[in-house]
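In C-alpha cells below, several structures.
One chain, chain A, links the two complexes that follow: it is found with chain B in the first and with chain C in the second.
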Partner chain A sequence: MALLEINNISVHYGRIQALHDISISVEEGEIVTLIGANGAGKTTTMRSLAGLLNLSSGSVTFEGEDISKLPGHKRVVRGISLTPEGRGIFPAMTVRENLEMGTYALKERSTVDESYDRVFELFPRLKEREAQSGGTLSGGEQQMLAIGRALMGRPKVLLLDEPSMGLAPQFIKQIFSIISQVNAQGMTVLLVEQNANQALSRADRAYVLETGRITRSGTGPELLADPAVKEAYLGVA
Partner chain B sequence: MSTGTPMGGAAESQARADELVEETTKPTRLRGLSDWWNHLPRLSQWAFLLIAVAAAFALPLVNIPLLTTEPSNDWPLACAEMARYALVAVGLNVVVGQAGLLDLGYVGFFAVGAYVAALWTSPDSTLVHIPYLLTLPLAAMVTVVFGVLLGIPTLRLRGDYLAIVTLGFGEIIRLLATIIPALRGQQGFQEVGHPPGTNAEGNPIFSNSAGAPWYWLTITVIILVMIALGNLERSRVGRNWIALREDEDAAEIMGVPTFRYKLWAFGIGAALGGSAGAIAAGQIGFVNNQRFDVQMSVLFLVAVVLGGQGNKFGAILGGAIVAYIPLRFTGIAEFKYLIFGAVLVVLMIFRPQGLFGKRPHLLTFERRAHKRIANLANAPAVSTAPAGTTKEAGQ
Partner chain C sequence: MDQWISFDWEALGANFWSATVDGLTFGGIYALVALGYTLVYGVLNLINFAHSEVFIVGAYAVVFTLTSLGFGPSVPNLAWYAIAANLLLALVFGMLASAVTAFIVERVAYKPLRAKGAPRLVFLISAIGMSFVIQYLIFWWRGPNPEPAVIMFQNKPVFDIGGTLIYFDSILIVSAAIIMMVVVDQFIRRSKLGRGIRAVAQDPDTATLMGVNRERIIVSTFILGGLLAGVAALFYVMKVPSGVLYLGGFLLGVKAFTAAVLGGIGNVRGALLGGLLLGLIGNYGQILLGSAQWNDVVCFVVLIAVLMVRPEGILGSNLGKVRA
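Showing the complex of A and B:
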C-alpha cells in the first residue's frame, strides 16, 4: 500500500476541467516528481492534495484512509505538508514566527525545539535571520523559509510546488540538494517542477502531466532517457 | 549565498547587525514613534498610557479654540459621537484590519444593536423592559448571533464577493426595519433608556443633551475592549488572524482552521458594532430606520482605513476623525463633505497605509525582537563593519 494514493481524480474550476482522471501513487521514502508545462495542472494537483481545492471525482487516500473530504487544516495534522507555489510565507511575520506557524499542527509540543534545531541545521541562513520579517528576505531565503516551515510540523509527506521558481542558479542547486538531504533522512517527497532535469535526476519515479492528463510515467532515469521527454522538457533535440 | 561556508563569528554578527539595522531604519514615517514606544521600559509605557487615558477623559471638559466644534455643535456631544465612531472603528478593525475580511455592511450590526436597546427599553416597545445598561451586553450577544448567521454561509467567499454579500446584509437589515411592523419603520422608538442616576437638580445624568457622561461611558467601554483585544492579539487567535490576513491558503495548510477564525473575527466585530449601536440609541434616545444606510458603512470603513488597517489605536483615531470633520465644519454646511473628501484624498496620498499603519510584525515577539535588534545595533562592531559583506546574499 502506498503512503499517498491519488485515484482518478478530476478537478474543475467552474466549468473548466483542470484535471482529467489523474492517478499517482507515492510510496513511503520516495521522491516522486511531477513535471509538465505551464497550465498542465501541476499546481492544481498539489492544491487538491493539500485540501485547498475540491475534487469533482476520484479520491485521495493517505495511509490507507480516504481523505478526499478532509479540509486542508486537518490534512496537515495527518502529516501532509505543502510548500505552495510562490512560497506563501507570511511577510509581516518574522522568520521565527513563520516557523512557529509551521508547528501549528504539531501535537507533541515538547518536540518543537527539536524541530527548530533541525530546520536551522538544514538552513543556517534562517537562524541568522530569525528576527527579520519574512517579507524582507531574498527569494531564495523565502523559499528556504517556506520549506523549513513545512518541515517544522514533521510531516510524513512533503509536497513541494515549484521550489526552484524564480531563483538564481546557485539557490536552485542548494534547494535541490536540501530536498535530497531531507529525503535521505526518510522524508517522503512529492515534487512539482518545471526544472525537469534537476527533478528527474533526483526522483525515484516521475509522472509527466500534459493539459490535465498523465501522459507518461516511469522511474527518473527512464524518463530522463525518454526521447519525447528530452525534447519537450529537457531542451535536448 | 554561501550557507555552507561559515563566515566566522565576528564577521557574521556584523553582517547580521547590519541587516537588522537596515531593516529597522526602513523609511517609514512614524516608525520612529513606534520604535521609541517599544524601547520604553514597561513602567514608563504604563505612565504614558495613564496620562493618555486621563487626557482622553478630560477631552469634553476642555474646549480648545479652533479645534472645538462649537458654536455649530455642542462639544461634549461631538466628543460622544467621536467616541462612538471610534468604538465602531475598533470593532470593524477586527474584521477588516485583523482578519482581512472586507465588510461593507457593518452598519447592519450597528443597527441591530440600536434596535436591541430600543426594543428592550423604549416605552414604544411592547417587549419586557430591562435596565438600559443590560442592553449593552444583550446587544453584543444578539449581534454575535447575527454575525455568525451571516458568516456561516458567506465566509467561504473571498475578497470582493464577501464585500458584496455584506453590502447586501446591511441593506437587508435596513429594509427589515422598514418592513417588520414590530420595528415601527420611520415612526421608530422614542425615549430609549439610559443609565441610571440623577444630578443635583433631579435631571438624569445621562440625558440626551449631555454629551460628557455618554462620552465617558463610551471610552470606558473602548478601554475595556482594547485590553481584551490586546490580549487576544497576543494570543494564538491574534496570530492566526494575521496569518489569515496575510495568506489565507498558507494559513489553512499550516493547520489553522481558517473558517472558524474568520467566524470569530466576524462575531467579535459584530458584537462591538452592536454595542456601539446600543450606546448610540441610548444617547440619541430615538431609533428609527433612517440612519442605517450604506453611507454609514462606508464611513466606518473609511475610519479603519484612515487610521491604518490592523492597528486598533489607529482605528480609534480614524473613527474620531471621521466623526469630527463633518461636525467641525457644520458651519459651512455646503462644504463640509467637500472638505472631508479633500482631507481624505490628501491623507491617502501622503499616508496610503493609514495614519498608524499596520503593525509591522507580530506582537508576540515584538519586544524580544526589538531588544535583539537594539543589542545588535549597539554592538561596537557595527561602526566598522565594511559595507558589502552582506550583499552577496541578495540575488
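Showing the complex of A and C:
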C-alpha cells in the first residue's frame, strides 16, 4: 500500500476542468516528481492534495485512509505538508516566528527544540536571519525558510511546489541537494518542478502532466532517457 | 453681518485641559470599539458594519443588569465595593451580550456567504443589512426612546492639573482602554490564537497549510471584538447615562470605524492611537467652533485630510504588521 494515493481525481475551477482523472502514487521514502509545462495542472494537483481545493471526483488516500473530504488544516495534522508555489512566507513575521508557525498543528511539543536545531543545521543562513522579518529575505532564503518551516511540523510527506522557481543558480543547486539530503534521512517527497532535468535525476519515479492529464510515467532515469520528454522538457532536440 | 464660522481661540485656551481629558475619555471608548473593526478587517478584509450594533446590544445588557440591581437615575447609596461588584457584573453581562451578538452576526451574515465564495461587495451589503436588522429589532422591542438613565456612582475629582479637575471616570476609562489595548496587542503577538490570527491576516492559504483552522480564527476574532465592545459599552453608559437607544450604536460606531481607519485599519495600536486622537480632535474642534454639533464635522474633515496624505492611516494597515 502506498503512503499517498491519488485515485482518478478531477478538479474544476468553476466550469473549467483543470485536472482530468489523474492517478499518482507515492511510496514511503520515495522522491516522486511531477513535471509539466506552465498551466499543466501541477499546482492544482498539489493544492488539492493539501486540501485547498475540492475534488470534483476521485479520491485521495493517505496511509490507507480516504482523506478526500478532510479540510486542509486537518491534513497537516495527519502529516501532509505543502510548501506552496511562491513559498507562502508570512512577510511580517520573523524567520523564527515563521518556523514556529510550522509547529502550529503539533500536539507533541517535546521535540520542537530539536526541530529548530535540525532546521538551522540544514540552513545555517536561517539562523543568521532568525530575527529578521520574512518579507525582507531573498527568494532563495525564503525558499529555505519555507522548506524549513514545513520540516518543523515533522510531516510524513513533504509536498514541494516549484521550489527552484525564480532562484539564482547557486540556490537552485543548494535547494535540490537539501531535498536529496532530507529524503536520505527518510522523508517522503512529492516534488513539482519545471526544472525537469534536476528533478528527474533525483527522483525515484516521475509523472508527466500535460493539460491536466498524466501522459507518461516511469522511473526518473527512464523519463530522462525518453526522447519525447527530452524534447519537450529537457531542452534537447 | 454674522460670520457663519468663527474660531474662539480664547475658549479653547481656557478649556484646554478639560477638553483634553474629556477627549481622551471618549477616545478610549472609540478605541475599544475600533479594535473590533480592526480585528475583523485584519482577518477578513471586511468592514463589519454591524459592529456598532454589537456594541449597542452590550450597552443594553449593561443598563438592564444595573437596573435590575436597583440602579437608576440617582446616585446609588452603596459602599464603593458594592458598586464595584455590581459594575463588574454589568461588565460581564455587557461583554457576553456583545460577544454573543458578534457570534450570531458572523454565523448569519458572513459564514454562509463565505462557504459559497461570494464576492466582497456582497459581504458589505450583508453587513449593512445585519446592522439595520438589529437596530430595528431593538426598535420593535424597546421603542424610539432611550432607556431611563442609569447613574453608576458619584463621580468625584481625583486630582487637578493646572486648575482643571480630573474626575474618576476619566482616569478609569482611559487607563482601562490603554490596558485592554496592551493586553490585546500582547495576546495577538504571543498566544497561539494570536499567531493564528496574524497568520490568517497575512496569508490565509498558507495559514491553512500550517494547520490553522481559518473558520475558528474568524469566529474567535468576532468574539474577541465583541468582548471589547462590551467593555466599551460599560464605559459608554458611564459617560452617557441616557444614551442607550436603538440608534445609539450608529454614530459611535461610525466614529470608532473612523478611528480605526485614521490609525491604520487592521492595526491594533492604530486603533488606540486613532481613537484617542479622534476624541481629542473632536473635542478641541467643538470648543474652538463653539458648538457640540461641530464635533463630528471636525472629526471627519481631519479623517479626510489624513487619508489624503496617508491613505493607509497613521500607523499603516494590516494586523500582520502589528509588531512594526
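The rule is short, and it goes like this: the second predicted complex is superposed on the first by the 237 of 237 C-alpha atoms of A that agree within 3 Å, B and C clash if a C-alpha of one lies under 4 Å from a C-alpha of the other, contacts with A are read in each partner's own complex, and residues count from 1 in each chain.
Keep in mind that, in the parts below, a contact is a pair of C-beta atoms (placed from the backbone, for glycine too) under 8 Å apart; a residue touches a chain by one contact, two chains touch by 3 or more.
It should be emphasised that the depicted structure is a prediction, and the values quoted were computed from it without experimental measurement.
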Should chain B and chain C be called a clash or a fit once both complexes are overlaid on chain A? clash
Would you check which partner chain A:170 touches, where first means chain B only, second means chain C only, and both and neither mean what they say? first
For A:91 in the superposed arrangement: first (chain B), second (chain C), both or neither? both
Of the partners chain B and chain C, which touch A:110 in the superposed model: first, second, both, neither? neither
Which partner chains sit in contact with A:38 here, chain B, chain C, both or neither? Use first/second/both/neither. neither
If touched residues of chain A are counted for chain B and for chain C, the larger one: B
Which of chain B and chain C A:138 touches, first, second, both or neither: first
Just checking: does A:72 make contact with chain B only, chain C only, both, or neither of them? Give me first, second, both or neither. both
Tell me which region of chain B runs into chain C after superposition, given the options 7-15, 25-33, 43-51 or 97-105. 97-105
Quick check on the output: what are the common chain A residues between the chain B footprint and the chain C footprint? 50-52, 71-74, 76-77, 81-82, 84, 88-93, 97, 101-102, 104-105, 149, 153
Applying the document's contact rule, which stretches of chain C touch chain A when the two form their complex? 192, 195-196, 198-199, 202-203, 205-214, 318, 320-324
Within their complex, chain B touches chain A through residues 1, 3, 12, 15-16, 19-20, 23, 239, 242-243, 246-247, 249-259, 358-362, 364-365, 368-369, 372-373, 393-395
Over in the complex, which chain A residues touch chain B? Could you list them? 47, 50-52, 71-77, 81-82, 84, 88-94, 96-97, 101-102, 104-105, 123-125, 128-129, 131-133, 136, 138-141, 149, 153, 167-168, 170-171, 174
How about chain A: which of its residues touch chain C in the complex? 50-52, 71-74, 76-77, 81-82, 84, 88-93, 97, 100-102, 104-105, 149, 153
